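Next, two complexes with chain A in common: one pairs it with chain B, the other with chain C.
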Partner chain A sequence: MNKTKILNPIKMKKIKYILAIITIATFGFVMQAQIISAEKIINKVDDNINSDTQIVVSDMVIHGKRNDRTITSKGYSEGHKKSFTEYLAPAREEGTKMLKLEDRLWIYSPSTDRTIQLSGHMLRQSVMGSDLSYEDMMEDRKLTEMYRSKILSEETLNVRNTWKLELVAKVDDATYYKRMIWVDQERFVPLKEELFAKSGQLLKKTTMSNIEKIDGRWYPKKMNYKDMLKTGEGTDFIVKEIQFNPKIPVEIFSKGSLRK
Partner chain B sequence: MKLALQLAYKNLLGAGLRTWLNVAVLSFAFVIIIFFNGLMDGWNQQSKQDSIAWEYGNGHLRNNNYDPFDPFTLQDGHAEIPSGVNHITPVLIQQGTIYPEGRMVSVLLKGISPDQGIIKITTASFKTSSVRFPAIIGNRMASSAKLKIGDEVLLRWRDKNGTFDASNVTIIDIFDTTVAGVDSGQIWMPIETLWDMTGLQNHATIAIADSNYTYKAVEGWNFETQKDMLQNLDDIISMKKYSTAILYLLLLAIALLAIFDTQVLSIFRRQKEIGTYIALGMTRTQVVRLFTVEGSMYSILAMIVGCIYGVPLFIYLNKTGIGMPQASQDMGFSLADKIYPIFGIQLIIGTILLVTISATIVSFLPAKKISKMNPVLALKGKLQ
Partner chain C sequence: MIKFLLKGILRDRSRSLLPIIITALGVGLTVLLSGYLKGAFGDIVDQNARFDTGHVKVMTQAYAENKDQIPNDLALLDASEWLDTLHTEIPEMQWIERIKFGGLIDVPDKNGNTRAQGPTTGMALDLFSGKSGENKRMNIEASLVTGTIPKHSGEAIIGHDFAEKLNLKLGDEITFFGSTMNGSMTFKTFNISGTIRFGTSAMDKGALIVDITDAQLMLDMNDATGEILGYLKSGVYDQTEVNTIATIFNSKHKLSTDEFSPEMLTLREQNNLASLLDYADVMSALFIFVFVLAMSIVLWNTGLLGGLRRYQEFGIRLALGEAKVQIYWSMVLEAVLIGVIGSILGTIIGPGITYYMQVVGIDISSYLENSSMIMPSVLRAKVMPNLFYIGFIPGVLAMVFGTMLAGIGIYKRETANLFKELEV
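Take a look at the complex of A and B:
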């Protein structure tokens, strides 16, 4: 009797031990699967939204307190590192050009016929009074390089099933410490993104809509950027025309093209 | 000379209203010159005292990469507080944005030790506060951002790596200062709190020196003396002095023109008198002197009249001060809501000399003609 009494706790301990190992192993496996899955989702979104080269004609609608301003531009981009934008309308902005090469940004103003390079704090200024900063446009590192991601939950957003991803910075110099991205499970298009400060304060929100299939990709043709600390309706970015992987002459991404 | 003075005095009084009109205009110019210069001197002295008490201390030790006139240098214009330097209060300056009522307002975040006593910012109130992010602001900032004591306002800033952070800060005190340089668009916080917020431990942008500070060269830091810092203020005041000088010099020119006209008219109308003086034995030079003294006596009478109404006015203004409009106080330099003019002896003597000498010159110019007059024709009253 005593022997049984002595053995039982040992057995119990063993069982508990095995169960614990199984639980940890299973949890670890699930976690690992989730990390891969979240990263995969981001990569799939990246593949869907981005292409080697792109030409986009778009309207930027800046909602002001009293009135709205619409700025039309044509943008050329090659990967994340090179981009060239020419403003087409209104007349006040027509001819203004912007060139981004790696981490350098130049702006050409036709009224002064001068090209200036933006750096340091100047990059933190708003782009033409919108809710976007030059720095927001300059970010060229991949999200997977900067953030540790995981799937938080599955949610329905505008009758679409989405994964809610949480991205927490793994590098020190990420502008936003945390991001929440809602990704359409079927189309691999982000439908909403929220950007947070270190304290957890929501800073900016991007809402994507008018999702259309273009050249076999699902693409949001309207994006609303909103600084959540400010009152107002934010800035709309409406894609009028888009070409994926067109041939772009090399000289477009040179300083010479600013004055042309 | 005594005779000239007596005659000049009698002639002036004899001229009656004409004399008093000239004296009135000249006395007005005299009072205005003293008033404007006194106002500028008062402003200068008040601004200097306030700037030293609220902002400059005994000078600033500045990080080499920081230029107070270029906000873009704030990002890199800081370094660890230099060791071995005593009698300084370090101040870390960073950029931030507050959102009062959903409006976006750019601010400078200034971290300072709660124990400092070099400048008059009411930092002691940090010691009694228990809130996580205490902040004190000046009255201009409070009024422009519509903030009051106890209010919480959302502040967004970046840490040393450029990552955004945001939190509510609580306004625990509002100080009343004339120095916009420590007030407009600025939020003061305990330096330890700002270090924690930004991750810039032990860093400072400037250090304010106290009266016991002795300069010794520190690598990476420049020392700007109190005198250097006050130079800007001196330059502004002297520029203002020149611009106001145009106004009162115009007034003086009108008064002198009146004296000049009176002299020309006197010489024209009093030719017989001039002839009589020469006939009675006065030399032409003595007659010229008589007329010149007569002209310059306007300035003496103007001073007496100016003193009668000017002295009580100046005493009153010196006690009550002159109110400055609210809009002008938001300029980048120190300007009180009231300026107390200073009427120094140097200013008064300078003005007396300016008015007297210029009145003498304009009196002498027409009187010169007398030296070329034919006494016989003058006695007959014929035009020459």
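Take a look at the complex of A and C:
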């Protein structure tokens, strides 16, 4: 009896150790799997939405307090670092051009024939009165470079099954501390995104809709950006035409193209 | 009797010198502090009225709610109609339009690229019509460090320090970049006609002053204005009068169903000036109260000392048959005379120092470098007619109260013990 009594606690201890190791290993494995999985999802979304080069003709519908305005533009981009936008309509904006090269932004005004480089607090200003800031446009790093991600849950959004991902900044200079992204499980397209400050305050909300298959990719042709600190219905970004991986002349992404 | 007491006061200086000095100092200090408070707070209110709030300001309700953000997208439309309405309905005030705007000043190099830039807070005033009185009201001409006020479209005045920072000279070109009323990007090139220094950090920091017609064109604000400011034609802010004007206007034109309907705010209702004005009044009253209280205690003590020194005198007077009440009231009358002399001296010294503080002032510019409040960078006292009585009455009262408290001791003297006391 005594022997059994002595052996049992030892056995129990061993079992406890083994269980603990298994639990830690399993938890670690699950965690690892989840990190990879969340990152994989983001990478897949990135592959789906982005391409090496893109040309987009779009309407930006700004819902103001007094009236709505539609601004048409043609944008060229190469990866995340280079982009060039020319405003086509209305007449007030026609000929205004914007060039982004890495972390620098220039705006050209045809009325004054001036090119102005924006920096500092001006980058936080709204673009054309929309709910988007220049800073939003300047974001040129991949989400996986800036955020630690994990899958929070699976949710149904507009009858679509989605993963709800939580992205928390791992770099100090991220514009938003936290992002919540709802990704369509089948089409790898984000359907909703919420952007938060470090204090937890919801700053911006983006809703994607009109998802269509273009050149074998699922792409949201309408995005509504809403600055949660402003009243109103936000800004709609409607894609009218899009080309993936077109050839874009190198000189487009140069300051010389602003004055042309 | 008065002549007799006066002779006593003048001849027996040990009886009167200390109370007179104390009263004169107290009165002088009260007058100085009161003049300084009134001057400093008055300057703050005056600068706010001239530069920002007007005696009243008309804006849309939506604009008023977010006015710190200068939301020109919520500006008042049909401005000329509203100006006509205001001129007709409230002729006792002068009405002027103003537009504030924020953005970036960009200085080009010879190739048109950015050489220097900085954030700016612009103000558009009616400079060209010559009827608005803005030049005089804002003291623009006198505040110019170099150059002249804009006379033609496309000319602007820029803050002197801002101009130095951007290395700008008169006649140089600058480009304003900002947003129109509709949110579009706007670019406008101005020539610098002058540089200015108002002496108010919030105004001098990145200041850009242009004519309102240029701003309306630049910001797509045709017949629209951010603010309509009203000034009483007397030039003096009268809270009761502006309250009545604002109440009548708001009851008639402010609609709860339309956030773009106009709302009239009085000076007190803007920039937290209500609390500032109340604070000035409370502080002024507090100074006088503390002065009367402290002086009464000090003079009570002085009276007690005087009473002790004049113990024998009162004893003899009582022994000679003078009534206690008679002695008491002669002391009070004497206190009135001493109080009057001290207060006269204090009322001469106080306004004298106040005048010096009015001319010299206290430079607080180093504390205001990052301030967004409209405050003068030199706080000055102000000599006003009320300073000639504000300390005088409390000065006399303090002396009288002090003596009345000290004099109570006379009633504790017993006639039976007088001769025994006088033998000592």
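Keep this in mind: the second predicted complex is superposed on the first by the 260 of 260 C-alpha atoms of A that agree within 3 Å, B and C clash if a C-alpha of one lies under 4 Å from a C-alpha of the other, contacts with A are read in each partner's own complex, and residues count from 1 in each chain.
Definition applied: a contact is a pair of C-beta atoms (placed from the backbone, for glycine too) under 8 Å apart; a residue touches a chain by one contact, two chains touch by 3 or more.
Since the model is a prediction, treat every value here as computed from it, not as a measurement.
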Superposition on chain A - do chain B and chain C clash or fit: clash
Which superposed partner A:E86 touches (first chain B, second chain C, both, neither): neither
Which superposed partner A:S199 touches (first chain B, second chain C, both, neither): first
Which partner, chain B or chain C, touches more chain A residues: C
Which superposed partner A:D184 touches (first chain B, second chain C, both, neither): neither
First (chain B), second (chain C), both or neither touched by A:G129: second
Partner chain(s) touched by A:R69 [first = chain B, second = chain C, both, neither]: second
First, second, both or neither for A:D236, with chain B first and chain C second: neither
Which superposed partner A:T112 touches (first chain B, second chain C, both, neither): second
Stretch of chain C, among 6-14, 24-32 or 42-50, that runs into chain B once the two complexes are superposed: 42-50
Chain B and chain C contact sites that coincide on chain A, given as residue numbers: 120-122
Chain B-facing residues of chain A, complex: 120-122, 169, 172-177, 197-199, 201, 203, 227, 229-232
Touch list for chain A against partner chain C, complex: 62, 64-67, 69, 92-93, 96, 107, 109, 111-122, 125-126, 128-130
In the complex, chain C residues that touch chain A: 62, 73-74, 104, 106, 108, 112-114, 117, 119, 175, 177, 179-180, 182-185, 187-189, 220, 260
Sites on chain B touched by chain A in the complex: 71-72, 74-76, 95, 97, 99, 101-104, 154, 156, 159, 161-167
